[in-house]
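Two complexes are shown next, each including chain A; its partner changes from chain B in the first to chain C in the second.
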Partner chain A sequence: MKATFPHLLHLDIALGVLYPNLGVEIIIPPPITQKTIEIGVELAPQNACFPLKVTLANFVEGIELGADTIFMAGGVGPCRFGYYGPIQKIILEDLGYDVNFVLLDHPRYGVRPFIKALQTMAGGRVLSSRVIKVASLAWKVLRLSEDLERERRALRAQVKDPQKLDEIIEGALERLRTVDNEKTFQSIKEETMKGLENLERKETEDLIKVGIVGEIYIAQETKVNFNVEKTLGDLGAYVHNSVSTVEYVLHTLPFTRSREKLEAWKLAKPYLKRFVGGEGIDTVGSAIRYAQEGFDGVVHLYPFTCMPEVVAKSILTSVSKDYDLPILHLAIDEHSGEAGLVTRVEAFVDVLERRKKLKKRKLEVS
Partner chain B sequence: MKVGIPRGLLFYRFYALWKTFLEELGAEVVVSPPTNKVIIQQGLTYAVEEICFPAKVFLGHVLYLKDRVDLLFIPRLVSFHKREYNCPKILSLPDLVRNLFGVEEERIIGDEINMREEGIRGWRRGFLNIGKHFTTKESKIMKALEQAEKAHRDYQNNLKKGMLPENLIDHKAPLLPREKKIVLLGHTYLLSDSYINMNITKKVNDLNYSVITPDMVEETKKRYYLSTISKPSFWTISNEIIGTALYYLKEKKPEVRGFIHLVSFECGPDSLVGELIERLLKREERSLPYLRLEIDEHTGEAGLITRLEAFVDMMEWRYSHLESHVSSSTSS
Partner chain C sequence: MDLYLGVDVGSVTTKLALMDKEKNILASCYLRTSGDPIEALKDGLRYIEKRFPKNGKIKGVGSTGSARHLAGVVVGADIIKNEITAHAIAAITRVPEVRTVFEIGGQDSKLIIIRDGVVEDFAMNTVCAAGTGSFLEHQAVRLNVPIEEFGKLALQAEQAVRIAGRCTVFAESDMIHKQQLGFGKAEIIKGLCEALVRNFINNLATGKTIEDPIVFQGGVAANEGIVQAFRDFFQGKKRIIVPPEHGVMGAWGAAILAMEYAPQKTAFAGFEVVDRQFESRSFTCEDCPNACEIVILKEENDIKALWGSRCGKWTPATMEKKWKEESLKKPLEIEEEESLIKG
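And now, the complex of A and B:
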């Protein structure tokens, strides 16, 4: 068995730590490029949401490198993500690919298929001490990869040499790929954090703060969202992203909950009373949290026609009014162009800066 | 008390149920008029651009009613089938109306009806909560629900017999019966709103075909054929559409000549389910022709007619071709 799986930011690093240690051979799909996107657009239904297209292309590129098995997560709705698996499976079959499509679905679609899928994905065993040890290391790697990105977003506008910042983080991510024990992991972590601390800072006064909200794939995957967070940082903004795979996993596992998410859901309640699939309610709640924390603006990133996010977008219009919070909505799909996107982000940052100055002047007068 | 029901989305499915229930509780029910240009314009003005066309139309109906009634009836229909959902937009309708139009919460009957976990208990609790807007007497509410469910069954039975919602709601004359049939797949709110679907049922009828819609097929049959695929979807209406398509695909009734699938451009479930159905049809030997028609605010009537006519021509040619092929092979 040679298994492949979809990309989601640095998920491949964590799974690259997990699987070889479980004795499962994996093929990491090639990094997402324009070619990947073209493959996805050609094969997937025209009006499907963008992540379905890109992840389908990941599978195809993985198969072309020799994969014969696909690992994919399922879902129970109401967002389309939960139905990606069956659609991608039938498309691959019709293309003539002879692959084993392993769909890890919610146990509510049958406990036995769930355990069987889990067993296949864990290389035969489900709960041995070795599996638990390896899984916990992979989990730490995933968390650290997210922490590093958080640092990168926060620091880009503050350091003198952003290129150096990128080098440190890219270097650390590369080293994480080959981690196989706790000790190496800790030393990478400590060295990287020290490296970041020692980066020379600019004398910055009062950076504008921008929060990112939106759908889990598009808001995180910098390879398809034109790295909006980097553009924001280069324009001098402190950036924070509320979307996180770690929090998603915590909230999906049967015995854990994400405190971040619960908090966001509570904040969203006056506007959106219930979960509507995907990250719809998180988007609303996180935008409110950014407003309360004094952020200057919010960027909303989502796949074009994404149902939960279209609901969130409708509702954010009144959040924006009530909290006097500027929100830039960016719907991403294969037709999005980098130039247009950058222009919109630049204009948005301009507005935020002007608002900030104006507010300051008002304070000084009074 | 005047209670307004917007004529859109699940209205076409639950018209008899809702109207009877509210009237039994003493409400004066006002239904917005059939969709027209003004209603659509209103919806388009206020809705976000990317929401699906039927949701925009629904919002237009809400705007029509907003200042004409005391209460707006927009229950939150999370699920009307165990383990299944409606789409995110339907799940959030009361919130959309509050946030987009600034309608106060007290003016919306937006109680949740949710059969996903609890089945019939979730259904009853939903209606009990709705009833409490009118009376504190639980027995009165349950009696009203009983009456409403009876009206709902009659309504559904009439649909099974081949009536369309417009025949029952607006007493429009039924279409002429035809020998040949086309299965018209799609959400009831697309198939039943003749303004937004450009009167497709009538157009198909004029081309000498009767239509069969998912509402006309027995629930048990739809569910049986649905269960033959490895993972059904989690959207109830989509599942009914898949079940209907598979039923006519597998049973191979001679009078059924093809499928027309009406979808709205921004509809999430349609974008995946349409693909699934098309691929399942292609896999079948001696399959039936399939046409997908996308509807949104930019759809032109002329283009729709052209595609429809071309499809029917192709279907007839294909049928006569197959027929002669079959008869020549049996005679030899």
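And now, the complex of A and C:
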């Protein structure tokens, strides 16, 4: 069995740590490039969500490298994510690829298929102490990769040399790929954090703070969202992203709950009580949290035609009014043009800066 | 006399504005970009130079428009800003109580909401050209009406023909259909103006409160037919102001931003720029499947600027190094081949 899986930011690093230790051979699909997007657009139905197209192309590129098995997760609720797996399976079959499609659906759709899929994904192994040990290391790697990105977003506008910041983060991520024990992991973590701490800082006063909310794939995968967080950072904004794979997994698994998400759902309650699928509620709740934490603005990233996010978008209009919080909505798909997107982000940062100055002046007067 | 220069290089037209310290426009021009932004920019500079006050001195330069980065490098801009900010600041300067700005240019249209002299919200239409100047121009050519006469003709019509304006292609076929039914040119043009206004409102203004005074600017604001269609749309209840300098608002805004920025020493390259030879080259990097299109702005052998490198491996320095290596490598390859042939 040679398995491949979709990319989602640094998921490949964590799975690359996990699988060799389980004795499962995996093929990491090539990084997402323009070619990947073109493959996905060609093969998927035109009206499908953008993440379906890109992940489908990941599979195709993985198969071309020799994969014969596909690991994919399924979704819950009224979001189309639940259909990704079945549709992708049919498309791959129609293309004549002879692959074993392993779909890990939510246990609420049947505990037995869930356990069976999990077992296949674990290389047929049962829960042994070794499996647990390896899984916990991979989990830590995933966590750290997200923490590093969090640091990168926060620091880009503050350090003198952003290129050095990128070098440290990229270097650490590369080293994480080959981690096989706790000790090396800890030393990478400590060295990187120290390196980040030692980066020379600019004298910045009162950075504008921008929060990112939106759909789990588009809001996180910098290779498809035109790296909006980098653009924001280069324009001098402190950036925080509320979307995280770690929190998503925690919230989906039956025995764990994400504290962050529960909090966001509670905040969203006055506006949205029902689960609308995907990250709809999270988007609303996280935007409110950003407003309460004194962020200057929010960027909402979602795939074009994403139903839960469209619901969230119309609700965000009232959130924006009630909390006096500017929100920039960016729908992303294969037709999005980088120039128009950058112009909008630039103008949005200008709006936030001018508002901040005006607020300060008003405070001084009163 | 301290002066400030603003340049706005757009997809269809290039605008320049020369401004004094009191924000008065001393000279301005509105030219066609004609696919060659550098040449258009030079023409504009020549025009401004002719009208340049004797005791004047440029203290700051701002650039905006879709080719703002290119223009900024060529003229030597102190500040490079997006079109939305530039248009907003010009509108606020012209009409301090402005609450909404409509801007319709060649390839995109913008709606800017302003409250208390600060931009509060904006929307920009870049996916579809149905509501923009290029579309109107295209239809004017099709109807064989000079674009300058277009608006006037619309005003002569007594009633409008309803035309589907959601999409350029549909609008065009609908227009042909109406022509074949026997409607007159003026009525069709009036219908087209109304379709464009509907398209603008539907695309950009959903969920936004449009309050007056509205400042209508950009090249299309010169079209009386569109202005009238906007007035009709609001049933005359909203005050719509078309400032006389509507065409160069972006350039003026860039000049104002340059003045606000107040550089210690301007980066302005001087009017001599018109005699310098710039060349833009492009190539597709094939090192990864991203296939970035790299654009290089060259002046003789100097690389002035470089755009398009997504991974950041191409900078003027690395590009120069690559060229140097290539020029060293080339004669060597030829020699090798020759020796092969001989051997």
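Quick note on the criterion: the second predicted complex is superposed on the first by the 365 of 366 C-alpha atoms of A that agree within 3 Å, B and C clash if a C-alpha of one lies under 4 Å from a C-alpha of the other, contacts with A are read in each partner's own complex, and residues count from 1 in each chain.
Heads up, the rule we're going with is that a residue touches a chain if its C-beta (ideal position, glycine included) is under 8 Å from a C-beta of that chain, and two chains touch if they have at least 3 such contacts.
Treat the numbers as computed from the prediction; the structure is a model and nothing was measured.
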item	value
Which superposed partner A:I218 touches (first chain B, second chain C, both, neither)	neither
Partner chain(s) touched by A:D105 [first = chain B, second = chain C, both, neither]	first
Partner chain(s) touched by A:L142 [first = chain B, second = chain C, both, neither]	neither
Which of chain B and chain C A:T317 touches, first, second, both or neither	both
Partner chain in contact with A:V179 - chain B first, chain C second, else both or neither	neither
Which superposed partner A:L9 touches (first chain B, second chain C, both, neither)	neither
Which superposed partner A:R274 touches (first chain B, second chain C, both, neither)	first
Which of chain B and chain C A:I87 touches, first, second, both or neither	first
More chain A residues in contact - chain B or chain C	B
Which of chain B and chain C A:L301 touches, first, second, both or neither	neither
Shared chain A surface residues [contacts with chain B and with chain C]	314, 317
Contact footprint of chain C on chain A as seen in their complex	30-31, 33-36, 163, 166, 314, 317, 326, 335, 337, 339-340, 343-344, 346-347, 350-351, 354-355, 358
Chain C - residues contacting chain A, complex	66, 81-85, 108, 116, 118-122, 124, 126-127, 207, 288-291, 312
Contacting residues of chain A [partner chain B, same complex]	45-49, 52, 74, 76-80, 82-83, 85-87, 90-91, 94, 103, 105, 108-109, 271-274, 276-278, 280, 304-308, 310-311, 313-315, 317-318, 331
Of chain B, residues touching chain A in the complex	47-48, 50-51, 76, 78, 83-89, 91-92, 94-96, 99-100, 102, 112, 229-231, 233-235, 265-272, 274-276, 279-280, 282-283
